[in-house]
Structures are given as C-alpha cells and as structure tokens.
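Both of the next two complexes hold chain A, though its partner changes from chain B to chain C.
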Partner chain A sequence: MSGDTSAAAASSAADHDGVVGPGTPLLEVRDLAVEFRTPEGNVRAVDGLSYRVAAGRTLAVVGESGSGKSVSSLAVMGLLPDTARVTHGEVLLAGEDLLSLSRREHRRRCGERIAMVFQDALAALNPVHTVGYQLTEALRRRRGMSRRDAGRRAVELLDLVGVPNARGRVKDYPHQFSGGMRQRVMIATALALDPDVLIADEPTTALDVTVQAQVLRLLAEIQAERRMGLVLITHDLGVVAGMADDVTVMYAGRVVERAPVRDTFGAPAHPYTRALLHSIPSSGAGGDGEGRRLPVIPGRPPSPAALPTGCAFHPRCDTARDVCRTDPPPLEAVAVDRASACHFAAEVLASHDVPPPVEHEEAAHD
Partner chain B sequence: MGRYIARRVLQAVGTLLLVMLLLHLLTTVAIQLNGNPAQAFFGDKVASPTQLAAVEQRFNLDDPCFDQVGNPCLGPFVERLGQYARGDFGTNLRGREVSDIVAAAAPNTLRLFCVVLITWLALGMVLGSVAARRRGSTGDHGIRLTSVLIDAFPVFVLLIVYRYVVAVPLHRWAEETFGEDSWPPYWFKPSFDADHPWATVVVPGILLGLAGSAAFIRLVRAGQLEAYQGDHVRAARSKGLAERHVVVHHVVRNSSVPVVTAVGLTFAEALGGAVITEGLMNIYGMGGVLWEAVRNDDVGLVLGIVTLLAAVTVVVMIVVDIAYAVLDPRIRYD
Partner chain C sequence: MTEHVLEVRDLVKHFPVRRGLLRRTVGTVKAVDGVSFGLDRGRTLGLVGESGSGKSTLARVLVGIETPTSGQVLLDGQDVARLSRAGRKQLRRDVQMVFQDPYTALNPRMSVGEIVGEPFAIHRVRPPGGRAAAVGELLELVGLDPGHVSRYPHQFSGGQRQRIGIARALALRPRILVCDEPVSALDVSVQGQVVNLLQDLQDELGLSYLFVAHDLGVVRHIAHEVAVMYLGRVVERGPSGAVYDGALHPYTQALLSAAPVPDPSVRLAGPSAADAPGGGAIVLEGDPPSPTDPPAGCPFHTRCWLAPLLGGGRRIPEPCAATRPALEPPRADGGHRTATHDDGEQHGHEHARDEHTGGGPAHLAACHFARPLPAPERVGS
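After this line comes the complex of A and B, so read on.
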C-alpha cells in the first residue's frame, strides 16, 4: 500500500464508511456503547463499536476474553442484563433502528429477523423440555403452528443440521445429546424462524477440534444456502481465515482494526492484530486444536474498569512510544476498506511483518 | 421410568418396615421396663388377674417375652404385621377399631393439609416470583423482611393470638353482617365444627401454612433468580418469545423442581405443626387423636396411628420422588 492511498483514505473519515463488503448491509451497528452499573461505578464494556454485515457475508469479530464481544451481541439482540445499559449508538436492521424500538417490538424482531447461537449449548438449552419442544416453541407460539406440523418441522430442522435419526430424537432431552449434536440443535433452534442475520457467539469453543470443524462447516453451508448475514464471534484465527469475509478486531471494548480478512492476514494494520497473527502456528503444524486458540500475547487484557491511559494496548504493545501513553488513537481509515486505531498504523501496515496467510484446512473444507 | 418407580417403591417399603420394627422395639422395651400397659385399660381401678389376662390377650400383650427385658419379641411383631396386612389395625382401649377412628379423624387432617399446602404454594410461588422478578426493589426487600418475620413468629403464638383475640370479634362481626346461617361466620369460628369441616379448617390451615411459607418464599425466589440468570432463559428470549411465556415455561417451570422437593421435606415438619394446630383449634384430626392416645397410655392406638403416619409420609416421599423425575428429565436416566 502506498502512503498516498492511506492518506486519501484517512481523509475519508474515521467512521465505517470505507470498510464494507459488497452488497447493502443487513445489519449495521453504529458507534455502540454499553455500560454496566457496578458497585465500583459505571464500567464501559463496549465503546464505539461499529460494523456492517451484508446478506450472504460473514463478519468475524475477534478479541481476547473480556473485550466485549458477547456484551455487544446481547445489546444487538436486546438481551442485556438489567445492570447494563446501551448509552450510545444504533443497531440498524435493514435500516430500522432496533434500539429505538420498545422492548416488545425489539423482542419481536428476535428469532424472526435476527437470531443468536450461544456459546454453551448445554446451558442455553432448557434441561426440562424436549429438544423438539425447544426447536418449535417459537413456531408454535408465534406462528400458531399446529402440534403436528411442529413435530414434522422439528424433524426437518434436526435433519437440516445433520442430527442422525432425527425422527427418533425429537422427543429426547438436551442432556441425551453429545456436545457437538447439542450445538447443532442450538443452531437449528436459531434457524427455526428463518432469520436474515445470525449471530454466532463462539459457537464451537466448548467442542473438541474435529467436532468444531464439522459444526463450523455446517454453519458455513447453511449461511451460504440461505444467504444469511453471519456475525461469527470467535477466538480462533484459523476459523476467521477459513470462513469470514471481513474481520473486526476488538480490544478492551473498542474496535482496533477492521478489514477484509485477506488483507489483514497478509498485512495487519494494528500491532494487536499483528501479535495475534504472530502467535498462530502455521497450518503445517498439524491439527492440534490448542495452538489455534486465540494466541497468548504477553500480559493480560485490561479490565474495562481500569483502562490504561492513551492507547489501551500500550502496556503490551511492542511498537508503543510516548504518545501512546497519553493520546488515545482514533479509528481511522488506513487503506481502501480498512481502518485501524493506532498512531502508527501506516508504519505497521507497511512493515508487512507477518507470517504468510494462514488458512486452516480443517475449518475451511474438511 | 418404570424401573425408577419400582426401585423407589421397594425402598419405601423397606423404610416402612424398618420404622415399624423400630417402633415395635421401643414399645417392647418400654413395656418390659415400665410394666404392663394393660393396666391402663382399668384406669385407677384395681383389676383382677383374670381381667388383666383377658385384656392382655385382646391386645396381644400376653406373650411371655414382654416380661423378659431385652427380648426383642419378634413373635408378636410378625403377628401384628400379619394383622395389618389383613387390614386389621386393632382397637383402642375402649374397643373401638383403630381403622374407624382413623377414618373419622384423617379427613379433617387431610383438609387441614390441603389448605396448608395451597397456602404454601400460593404464597411461595406468588411472593417468591414477585421478589425474583423485581429483585432489589422495595417489593423484594419487603417480601424478604416478611419472610424473616414469619419465621421468627412461632405457629402456636399465631394460633393463640388468632383464637383468643381475633377470632371472636371477627366471628361476631361476620354473624351480624352475613347472618348466622351463612358461610363467613364459620370461617372465623374459634373452634372446629364437625358439621362444617371445610369452613372451620380454612383459617387455621392458612395460619399454619403461613408459618411454613417463609421457607418456600425464599426457595422460590432463589430458584427463580438462578433461572433468570440462566443462559436458557436468554436463549428463549432470543427466539422472540413473549416475556410471559418465557417466565412461565423457562423460569417458573425450572424452579418448580426444588419447590416440589421442599414440599416433601417439609411434610414431616408440617405433621408436627398439625398436632399443635389441631390441639389448639380443637380439630378432631390425627394429631388430636394421637395426643389423646399418648395421654391415655393407649399403646395399640399409638402404634396404629404412628404406623399409619409413617406409611403416609413414605407415600408422600414416593410421590415427591416421582414428581421430581417428571419435572426434571435428567433424573430418570441416572
């Protein structure tokens, strides 16, 4: 990338405008901020998050534990706990701001237009109801589907997500399924009302590696088939490389980099992204799953209650200089479709200091 | 499920036999140490040896083992088990069939229990649910304070205050307002009326239920708070289901499991409460009968009733276990 392009792009402003894939966005999050009321005062868990997903596209949201990935998804779904409050921002679903709707109206869009797959399927499925009941609960309640049709639909949904012997299993309870099958059931419940957008919050962290790959492949297939917009929250950069079109990297509640996946993997524009990429083993290392977890960067992510001054990443950053300790870097465009929140983004981008693009075979195809 | 129930029933039968054996051994030792209760039949009168022998024979106390301290007297025990199996529970000292006495007294105790159970569940479910729903609000704090106050207030104080202070004026007021033959005066009648068993048992039952409800309120609140935090509630909401449906099918439904368990566990405690309540409110029930029997040294009656109560308790435990398995599918397959 030449200095010219980045300068030109930078002038096109700090917002998300430059960073969208093709197609009109189905879901657009604008400058979202979420605060928790805690005994120690208000804590800002998400601060100025923006992203866009178009139909048939996958956006990966990456970040260490506690960076605000789940909290922001819950805000989009209107499912934040009582102690949390959206203090700023918009969530546009096909142009309609969900956050300006009443709670009831917002809830109505859930499932129907936008659905969510939760991280821990065992906890997210109710142990006292059959899988069939939970699959079609919304169809029966909201669409008034008859018990018989619902029963048939439950079998179809289980078939769709590849649960063997679907007919025999609709009457089973969640604890009778294996982890991978449970996650498939979870995905099927999210698909029941045929949503336009699916948010998958670390859908495979609880599973072992081979099962992870199968579940992800299923998700990718269904997404492609239905042309859903998919927001894939993950710890796994291998998954990002294999499945996502765009990536949003979060650190301490903020977006630090946003880019098309191919561009970032070749040349990250933020030291945090670079550090993340550095610590993934190359694809030749073999399919040991542990290595593909979000890599360890020296030091710990800060708590949102006690953010470092200046750039929140500075205590752990290998590129940090004096200005980083005092001035928070704004998120600015660094190239076409790309933005980074670093004072030295252009420098980082130009250094090309990364391993060759990693694309994980298992996640992508197997 | 079938095997689960069968296992529970077997365990219950075993428990019951054990309780009966224990009871038998205790009374045997008591008889061996204290002398023959057949004497009690005659009160203060002096009985001739032949009269005594006749009574002993009638109450199965004629076995020589009752004179040998330390002898477990298993013979009479087995004999009695056989009689029970044939539906013969013996007679009291006045020759009345124990089963007749029970048939007259048990329905009133059952009525009392029904009212108590409904009070427990209604108060526990409603107040507990409200407290959990509005956690941290004034209502929540009020409900929690109330539950502590209820606990600090013994049942019998509640009943005495009601009977001697509140009931009489209320009863009079109800008679004047609604007329003597209407229902309301009976609700507040300070003592039991065999002709209006339901009406006169309602208020004592509610008071007894109120006394036990504190535990339920707290249990329901805690259970629902946990359920509200659960990922499955969040997942149910994410399907766009109405909040009402989510609360009923994913919060209340899930929190019903510990509540049912607690009903079983508190049952024995409620039996104790029933004895006090029946005594204070003159309700002709099992508690009252048992109390009389103990006072009169009526061993046959005591044994019969205690055995029956043990059987009822065991049956309740089975019902609770089955309800538990029905409510929580994870139990069945373990």
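After this line comes the complex of A and C, so read on.
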C-alpha cells in the first residue's frame, strides 16, 4: 500500500462513492439535540450536532467532560437512558432516519450495521459469561447461526484481533484477560456482525501507552481492511492527530469547529481548539521542568445546566469581545471543508498563517 | 556535597500471594524490586511506568502507607526505619501525598474546612493564628476562595477538588509531596492549571516532588529528573531532557515512541505509520509480564524490540536472557558491556557513581546494549 495518506484517503472516498452511491455517507447525524430531564428542569446536553462518516474514513469527536460527545453517540445507537430524549435532529444510516423508527427497530438496525466499543471493557463485558458466549450471542440470535458455526466464528474473531491462543481463550471469562486483551475482545464482539460503522468511545483511555498503541493500530488495520467508517470519541488530541481524518470539536454540547485533522492542527479556526492544542504538555519539546509554565485555559467547562449567555466559551476565551457575551455564534464555513462557531473565526484562522509563537524557551534540538 | 532530602536505597516491597484454606504463601508479587534514587530540595523526580510497574507501591512506601520488605528510605540522611515513634510521626508530617482521584480522596461528608484542617487535628498541631485562619490561608495558597470553607466536595469541580487535596497535603508544611497521578483524572484544559499550581508552590515553598504519572508529556513538563520503571525496577534514570531527547533503554524508547503526539503528520497506525521517517512508532508486543514471575535476565527481554535485532537471526543475545543488567551509564561505543555487576553490591555501585558525577545527576540505563536513540521528530521542536 502507498504510504501517502492523502492519496489513500482520496482513493477510499472514490471507492466508497462507487459502492454506496455518490455523496451518501454511511452515517450522517443532522442537527441532533438531546435533553435530560433533571429536578431543575430540562438540560440540553447536545445541541445541534451534525457530522458524517464515510466508508474507510475516521472521524474524531473531541471534547472534555460534559461536552456531550458520549451522549451523542448513545443517541445514535438508541441507547440513551430513560431520563434523556432526542428533541431534534436525524440520524441517517445509509439514508434512513433511525430516529423515525421505533426504539426496538432502531436498536435492531444499529445492531446489524453500527457497533460500539466502550472505554471500560471490564464494565461493558458481562462478567458471568465466557468471552466465547458473548462473541457468539449476537451471531446466534441475529444470524441464526448454529452453536458450532458461531463457536468457530468466535475463534476467528479473537484471532483477528490478535488474542493469542484464541481457541483456548474463548472459554475464559473477561476478568481473566488483561486490560489490553479485554479491549481486543470487545472490539471482536463489535466486529461479530460485520458493522459498516464502528463508534469507539474513548477506546484506549484506560490503557497503558504501549498497549494503547497496539489497540489503536489494530483498530486502524481493521478499519482499512473492512472499509469501515470509524467514529472515534476521545479527549486525547494526540490520538486524534494519529488516527483521524476529520475532527469535530465539541464544547458545552455544541460543535465549535469541524475540519480535516491536518488543517485544524496546523491552524485552528476556533479559540477553544487553539487553546486546547496549546495546553497539551508535549513529551517532545521543552527542558527539565525549569521555569516553564503551561499555557492554560482559565476556568473550567461549564455545566450544561448553567451555560453562559452568548458563546458558551466566552468566559474562558482570550479573544472574547462584547458580541460574544450576547450572541451565540452560528457554525459557519470558514474555508473549504471547514466550519467554526466563532464570531471571529476568520481572525483566529488568519493568526495562524504565521506559525504560533514558541512557548518553550528551549526547544528540543532534533 | 548536597544531601538528598529524600533518598531511597535498594528498596524492595514484596507482597505474598496466599491461597487456600491455610493461606499458604504460594508466591510473591515483586511490586518494587530494588529501587534507588535521591531527591533534592526544590526538585521534582518524575516516576514513569505502566500499570504494574510498581510506581504507585513505591509512592505508598514513601509516605508510610506500606512498610518496605527491605532497603532503606532516608529522610535528611536518617534511616526512617530506625526512627523513634516521635520521629516517625514527624516523617508523616514531612512527606505528604496527593492522590489521583479527587472524587474519592475527599470525604463527602466533611466540609472543605474540615478536610483541609483535619491534619492539624490528627497531629495535634495548633497553627499560629488558629486553625480557621490557617485553613483560609491554605485555600488561598492553592487558588480557592477562602469563603468556601463550609462547602462540601460535591460542590466543586474536579480541578478544584484536586486543589483541596493539595491544600490538605500542605497543611503541615511538608517538605516532600508524593503526587500519585495528580492530574490524570482531570480534563485537559484543567490539567495545566493544576500542574502550574504545583510548580508555583514548589518555587514558593521549596517543596520536593515525587511525581508519579503515566502521561509522559506532563512529566517532562514538571520533572527535573525522570526515572522509568518496569516490573518493579528502574530501567532508566536521568535529567528529564536527557531521557526524553536521548533515551537509552529500549523500553523508554518504546514508551516515548508510542505516546500519541498532537501532530497529524505522525500517524499512530495505518499504512503510513510504518513508512514514516524513522520507521514510525515502536509498538511493543504483548502486555508487561506478571510481577509474580518476572522473566530471568533482563526483565524487559520478553518484549524487547531491540534484542532480536541485535541477535541477527531472531535470537535474543545471550546476556539479555541470562543476566540482569545493572543501572549504569552507557558505554561510549554503545556495544555490549561484558562486565555485569555482582548482585550484592548493586546499590553501593550506584551511589558511588552518583557521587562521582558531582555536577548533576547521571543518565543511567539498565540495559546490556544501552544506546541513545534520537528522539523522533515531534511537533514544535
């Protein structure tokens, strides 16, 4: 395969067009809004989220706690808790709106075509069933496979995700696996029904760095092989940079920036994205802990129950002006394929035509 | 010669594994297996490692939650184990801990004032000006509103709770703070605030930190010196710039290379990763072995990416599987070190070496074939 990602991406987009029909993404979320019922009234956790995922592409949804990134994926899967409901929007799976279906039907469609991997594999896998049982459950119920065929498939799946001695390990229980292996098992269960789209919610956050690298590599390989669409929900901009093609940045339930990864990291178009990128302590630059302060974002993410007026980010923003305190900025195009919800997006974007000021006096000498 | 505020000599902490009705000991978890280092006043030692590497156990031994199986912990050159009761109590005041999870480390039924003031009660200390004033000062010191003393932990965000935990740790004017993953439970945008606070407090109060973390970026930022642990042992130690820019141990090299960097041109995976300049990320196979049964020879040899390359025909060089490498400076030519240490004298050797270098901490690695690998191209460098 060619080493050039952009070429690979372009060809994958072309292939996908041929398969599903021009311009139809596998999964498209349009203007999604989710509200929670609380004793203090209704709280809007997600407000106007839109994204699309095409075959063979990876979309990263980035945000901090309370940004609505996880809630939105539960809404896509039809897994929202009873206290929450979708108040607005569409979730289109190959053109069909899942939200117009009954909940039961929604779940059934998802089960066939969208799979989800959660952060905490120990909590997501059932501790009282063997891994083999959990892998075969869906195959037997949905595909009507015989016990023997499903069992064979379970071994294949474990093999595929790189669990050593797969044949022996299908009879083991989740607690008998290490954290990394459990995450692989969960990926295997997600792949059992050959989904078109995989939603991975913080899939490697609980893992060690070296194991995280293994699992991410596995996800990328499987995705490339099966031309799956991958939605990667994460707070780790390093993971985003290493894995995703496109990124959607969420803050306080809203999308603040949407762009191809390369563009955003080179020149963010929203002050929040810019601040996030600056606040990452890098293991690649800097000195020996001497007199350097991390650039930080003052304050903290707002509670969805008490959002600031105007732009939700304005109390923490370094470029906020009067209009930001009163008018919520709409998400508008700022360049080809790029959108930002900031009144001064053009300014923010332009300030990055020049490279950002060097934060660390002593840059590494590589 | 400056004396270390805190020194650890050949520290060992083993936990027995008991099974069955008679609770017979069937094995030992070698959580910490011979660790030595020194920490100077106003300095930060970063302790890096994966889960199971023993870094948290080490932290717990230092604050006295666990007692070491063998080895010494010296505070101002005094062996902690030989201290009197009163001396041990003083130790508890001098060495305080900041915990990882600000949600579980604070008693939800106590007000902030009670939490921060509790150390005074436990140690029967009457701070000058009274307890209430001292609590107010502490809250101010960590950037919280002293007017919030009567609030409860749930009324604060994660970052603020971590500040409360730091205020509590500072109450008795300790000289050393052991921070166990103090920012890993926090949002990215809040992590920096807490890291900066810790740095300010260090400058202001001359504190020494042992900073335990798995986030290599945060450690590089805050630590003057770094020790990398693997299976209960320090495999590499040195000034953080030297370790990050010129890691000597293949494990450190793999750790650094596997850490995702916020630069889209460094792909973690996919076809471009392998063809990337420098060969892309070093991805280790498998999980760390169990500390109940660490491999013979070099504990890392079962996962080492370098050893098979050296052996030519996929065979691991003989010394890697046979002899445990000592923590020492690399040979200039990067070749195989023939002389392996005598087991009994290991820590003596290290101390001799540390004192020889005089000017600053030496860069040491526990690998028979230690050699520098230039840091991969990274964003902003």
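Everything that follows uses one rule, which is that the second predicted complex is superposed on the first by the 313 of 366 C-alpha atoms of A that agree within 3 Å, B and C clash if a C-alpha of one lies under 4 Å from a C-alpha of the other, contacts with A are read in each partner's own complex, and residues count from 1 in each chain.
Note that in this section a contact is a pair of C-beta atoms (placed from the backbone, for glycine too) under 8 Å apart; a residue touches a chain by one contact, two chains touch by 3 or more.
Fair warning: this is a prediction, and the values are worked out from it, not measured in the lab.
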{"item": "Of chain B and chain C, the chain that contacts the larger number of chain A residues", "value": "C"}
{"item": "First (chain B), second (chain C), both or neither touched by A:55", "value": "neither"}
{"item": "Touching partner for A:154 - first (chain B), second (chain C), both, neither", "value": "neither"}
{"item": "Partner chain(s) touched by A:216 [first = chain B, second = chain C, both, neither]", "value": "second"}
{"item": "Contacts of A:128 with chain B and chain C, given as first, second, both or neither", "value": "first"}
{"item": "Which of chain B and chain C A:176 touches, first, second, both or neither", "value": "first"}
{"item": "Chain B versus chain C as contact partner of A:27, first or second or both or neither", "value": "neither"}
{"item": "Touching partner for A:192 - first (chain B), second (chain C), both, neither", "value": "first"}
{"item": "On chain A, positions contacted by chain B and by chain C", "value": "none"}
{"item": "Contact footprint of chain C on chain A as seen in their complex", "value": "1-5, 8, 64-65, 164, 178-181, 208-214, 216-221, 224, 235-243, 261-262, 265-266, 275-277, 279-290, 292-298, 300-301, 316, 358-360, 363-366"}
{"item": "Chain B-facing residues of chain A, complex", "value": "74, 77, 79, 107-112, 115-116, 118, 120, 123-130, 137-138, 141-142, 173, 175-176, 186, 189-190, 192-193"}
{"item": "Complex contacts: residues of chain B adjacent to chain A", "value": "230-232, 234-243, 245, 249-250, 253-254, 257, 327-330, 333"}
{"item": "Residues on chain C engaged by chain A in the complex (per definition of touch)", "value": "44, 46, 50-51, 157-160, 187-193, 195-196, 199, 214-225, 239-241, 244-245, 254-256, 258-276, 281, 283-288, 374-381"}
